[in-house]
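What follows is a set of structures to go through.
You will see two complexes here that share subunit A, one where it goes with subunit B and one where it goes with subunit C.
And then the complex of A and B:
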């Protein structure tokens, strides 16, 4: 019995007035008594771990990242190296995914394609954070006329289909030496931050009336401090969920644009290009379209599972 | 009896006027609906195709003809034939059609097919002022005069030299049934040419009143075995048997539907599900399988697949650069691994299959069969280094242009890689829809572009005379005076040996200057249902449905 544990009942004393000691001052000490406190984030991680699909999705994304970075480096072939004597090879040990119509190793090309898909994903996520969150936050925080104007701009941009933007950019940059991939990036940049702006606006509209925001305002915190230090961190749950659901949509858009010939230019291969090339030979050589299609589907599933899991995990109302 | 349906992959038929086509695929419409004065071939009479090597000509609208001793005057006697609107086909219709095709305001790409007619070229190149035509004025040195109007150089007419189309052109209807043709020079293959779409008649009564006659099914009056009854642009064309056709008893098919499908694999899927009986293009990756199963046939085709080089642009104005590009292509690899249709690597320009001066000999084999070696990387590298780009160092990046098609894309990707690997030159690929691609080509708005040429008639001249200075299809900016002179000489002479010698010499100049990079000689793989009998497509690509039937 340690004498320095003051909150123990003193021996011989019955509980009653004066038998209580003050609660400990430090939280470490308190934890021995109450167990670890669950914070918002640790609770979320704990819950997402129970969601098997989300975990699978997470690990697929990690694997994809590793393959995209390391794969093309360790492959004995390059994505553009042709071998006209070994065209349309069925999958073998030398070429696990077979070879295409110009004898290029399909596995290397699929791995290389994942770089483009991930680049698109990263660009999309970055723009979502940079433009979408800031834009929606400013719009909601200042409200009134600012909000009206900013949201009408969003409405207008919403009305323009991505496809039309890409086609117009292709015409605009024709003969300017601009890579078609840049067109895809610009188109994604122009359209993919819009849902984020709306979601962040909705969150901030309710958060800015809460006590902590009013308190910050009362003690004279500047607007950008209130917005970026107090409001947006509190909207992080919906933001992350939106990002994880927007990324696959952007990746799919790139694949789709490449499929119809508006994406990357040969010999660079993105999944959409590979699928498009493979479709031509689908009757005789179905594996050529199978692997890029599988890669696209797996990535879509992985991000969507993770996004769904995060949405459940980060929703405070679902907290157990 | 039954329906025959043929599909065309080409989706850009914009106008059916027989004097303004642009692409081989479009020609076959002309043969389905219109008929020229005679058609050749020992297969069947009719509007399909042209003369066979045997030199046998089959009369069509022209019942008979006589040729003068100097081989410059032709007198055609026409049979009783009728347009789809019931009026008779007359010699006046021929005269009108030919002059119309030649007139400068129509600006037909194929007007040169009528340059053989006396005064044809002069008329086509004349300048219209008001309702009269004048020769272009020349300066003291004999160079054509132009003046600046805005950004454009406009030719100046010489108002003293008028061309009167009613007098100065060697085609005249003597009466409704007799057509007299006077040629510029004796042209041995002139009868072949009369089966060519540009020389087909148009109904004067209809066309002279309506410029847009060929854009609407209602006003589209023709004289062939089939008539167009429905045309949904970019979708399909429906032809039915023409009840006013002079030889209608021999026509067995009652209806032919052409679908325009741009994608070859879509066409194959439609063929395999029975929606199509024939298709003009086959996806290359499926070809070996389809040939083995008998669904696809590989027909001979008189044509060459090549790349155009814009010789007005640096660094392509250097012949060493062009030759380096030419030699660094592995044609055997392309034909065996990519096209797979039995194509022959082209080591010269004029394809095999055209008779030379001596009967039974082949133009290709008669003189020099090949002008360079395939995949000659050592020489290519040396030439590129001599041009100042050792291992491709300092070579500007350029664009390789092709018209949208999976086959062209695969070939372009292969060549892009060959140039990169063998020469250290990088180029980017650009695909364009046919109209845009043709526009860029014609305005020399490209560096290197894919092209192909299918012969118009069975003579080397059809391949060679297009490269004369300013030729309608010479989209390279290339010009060589001695080449022009040789082509002119070949046109003026009747002696077959001297003619062929001039053409061989001309080809040699072309292969020395290399404004084009030949890749392979075409074959013509088609999807053809086993039910179609008596199908005939000439080596020039003209489809003849007249005698075909579904068995």
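And then the complex of A and C:
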């Protein structure tokens, strides 16, 4: 095999009679020539690798995760440690991002903020995934009146701006004494599943008419097995795309809530809190708002890049 | 068509009533009453206050009264500001927000659609990459960051426009662009992809084969068909402009409804939160209704399907 690869011709090997191989006899042998059979997923990975922006987005996310986990551990400062003699320091070697109004190290706070933002993104996306997939799946699978009622509810919720629902839920739970971060999880997790439910419903509606679903039914598989083992795994492509694109909107919403004073609050440093504090000092100390702003934008960028790439790679209908 | 309108109007009323009821009970669920302040009030005063706002009535009666008033368009008094009703607040704030929102939507349409067309016509060229990059930027930069950045560059840095305030034309520019940022990006992406799809259709090939000029092909034949997906997303875009105004109005110190809303939330001014929420939902549902009407009017296929179903 190796002797026949083109680059060895260049090194002076002339193709002689001995370099021809007999035609393959078995399918395993054939595979040595054609490469592994491509599946939906290996195909998708290949396509996503070719999409430079998506790869960049992926690595930014990996870097962010590393910074979020390791950063606050190795930093010599803690996110809440105040140093009132060194407030509003411009960026220096000791404080690369400067210090804030209480002398806290801004770099540490931004790194700590990435923990909160990524946690919000992941937890909320997981909640949306669970609720949206189950809801949409049940609605489509059982169809008829169940579908009608369930989708009417989704339509009604769609009529209200999501942010308003999130704000109301946050006010409600905040006054009930739920801790701010959990509150954000609940408020966002309970509201952003609507697009997911619609997408899953659409997928399942067509999938449930396919032969493999009928086959599962004929051998007597129970409904929940057909739905969760056979139908939903086949809708995974669009589901993953939706999840990836919901992470940045969850991160945005948390930052937004914290910015208007409804999300996590001091001394905990979320990017929204940092941006909000920074805005107040923008005239004199613009770098304070700059770094959290860059961090939020970069994160949303990375997830949107990756989500876009995934959509092109996983959603066959959009293939061009 | 008439049946379609009638059905939509009924469902609109239903949605607003559901939102109103849900929000009403949610506000009543809150453990701290509206008069819980830092300083504890004497029980007599609380009693008087509760009597004044009818909070001592049984819950069902409060609900029925509120709904009755709502049907007459009366959203009740504000808990926070004596002598001001929620209607006053909406009357003061909404015209400002609406003016700002209108400018933002116009900007979005005037910039987003041409950007998208340009990208599609130069598919895979650097212009296309540029358009897609700008679009992704617009979707990724949160509006409050955009607001701060624009304010920093154009007001504090270049001094071309005032940093904040409301009243002159120059003060509209920055907030309007901030609000338009997301819609511009969203429209550019949408228009680009629909344009690419439309350009592959056979009627475009036919139009070109007839020897029509490229301009005529794009603007007469392709553009019309792009308008349909654009109209469908106008509803969510208007919603984005509304909710964007919460923070944009706060940053730019604009006396609009969005800012009052956020203030009322921080003040726990429950009647105002309730009233403005209902107002927003009613407005948005109505906008979606208008969008649907336009949609049905633009695309005869939809009218046909609707008629067959009903």
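Things worth noting here:
Here is the rule we go by: the second predicted complex is superposed on the first by the 265 of 320 C-alpha atoms of A that agree within 3 Å, B and C clash if a C-alpha of one lies under 4 Å from a C-alpha of the other, contacts with A are read in each partner's own complex, and residues count from 1 in each chain.
Rule of thumb we're sticking to: a contact is a pair of C-beta atoms (placed from the backbone, for glycine too) under 8 Å apart; a residue touches a chain by one contact, two chains touch by 3 or more.
Note that the structure is a prediction, hence the values are computed from the model and not measured.
By the touch criterion defined above, A:172 lies against subunit C but remains apart from subunit B after alignment on the C-alpha atoms of chain A. Using the contact criterion defined above for the overlaid structures, shared-chain residue A:267 touches subunit B, although it does not reach subunit C.
Judged by the touch definition given at the top, the superposed model places A:304 against subunit C, while subunit B stays out of reach. Contacts of A:255 after superposition on the shared chain: subunit C is touched, whereas subunit B is not. When both complexes are overlaid on chain A, the residue A:143 reaches neither subunit B nor subunit C.
By the touch criterion defined above, A:282 lies against subunit B and subunit C together after alignment on the C-alpha atoms of chain A.
By the touch criterion stated above, A:82 is placed in contact with subunit B alone, subunit C being left untouched. Which of subunit B and subunit C touches more residues of subunit A: that partner is C. Put simply, subunit A uses residues 175, 177, 261, 279, 282-283 to touch subunit B in one complex and subunit C in the other. Touching subunit B in their complex are the following residues of subunit A: 80-82, 84-85, 87-88, 101-103, 175, 177, 261, 265-267, 277, 279-285.
In the complex of the two chains, the subunit C residues touching subunit A come out as 14-15, 18-19, 23, 26, 29-32, 136-137, 139-142, 144-145, 148-149, 151-152, 156, 196, 239, 242-243, 246-247, 250-251, 262, 265-266, 268, 273, 277, 280-281, 284-285, 288.
Listed in rising order, the residues of subunit B touching subunit A in the complex are 264-265, 268, 283-286, 289, 330, 333-334, 336-338, 397, 399, 404, 406, 409-410, 412-414, 416-417, 420, 428-431. Those residues of subunit A that touch subunit C in the complex are listed here as 53, 156, 159-161, 163-164, 167-168, 171-172, 175-177, 248, 252, 255-256, 259-262, 275, 278-279, 282-283, 286, 289, 293, 296-297, 300-301, 304-305, 308, 320.
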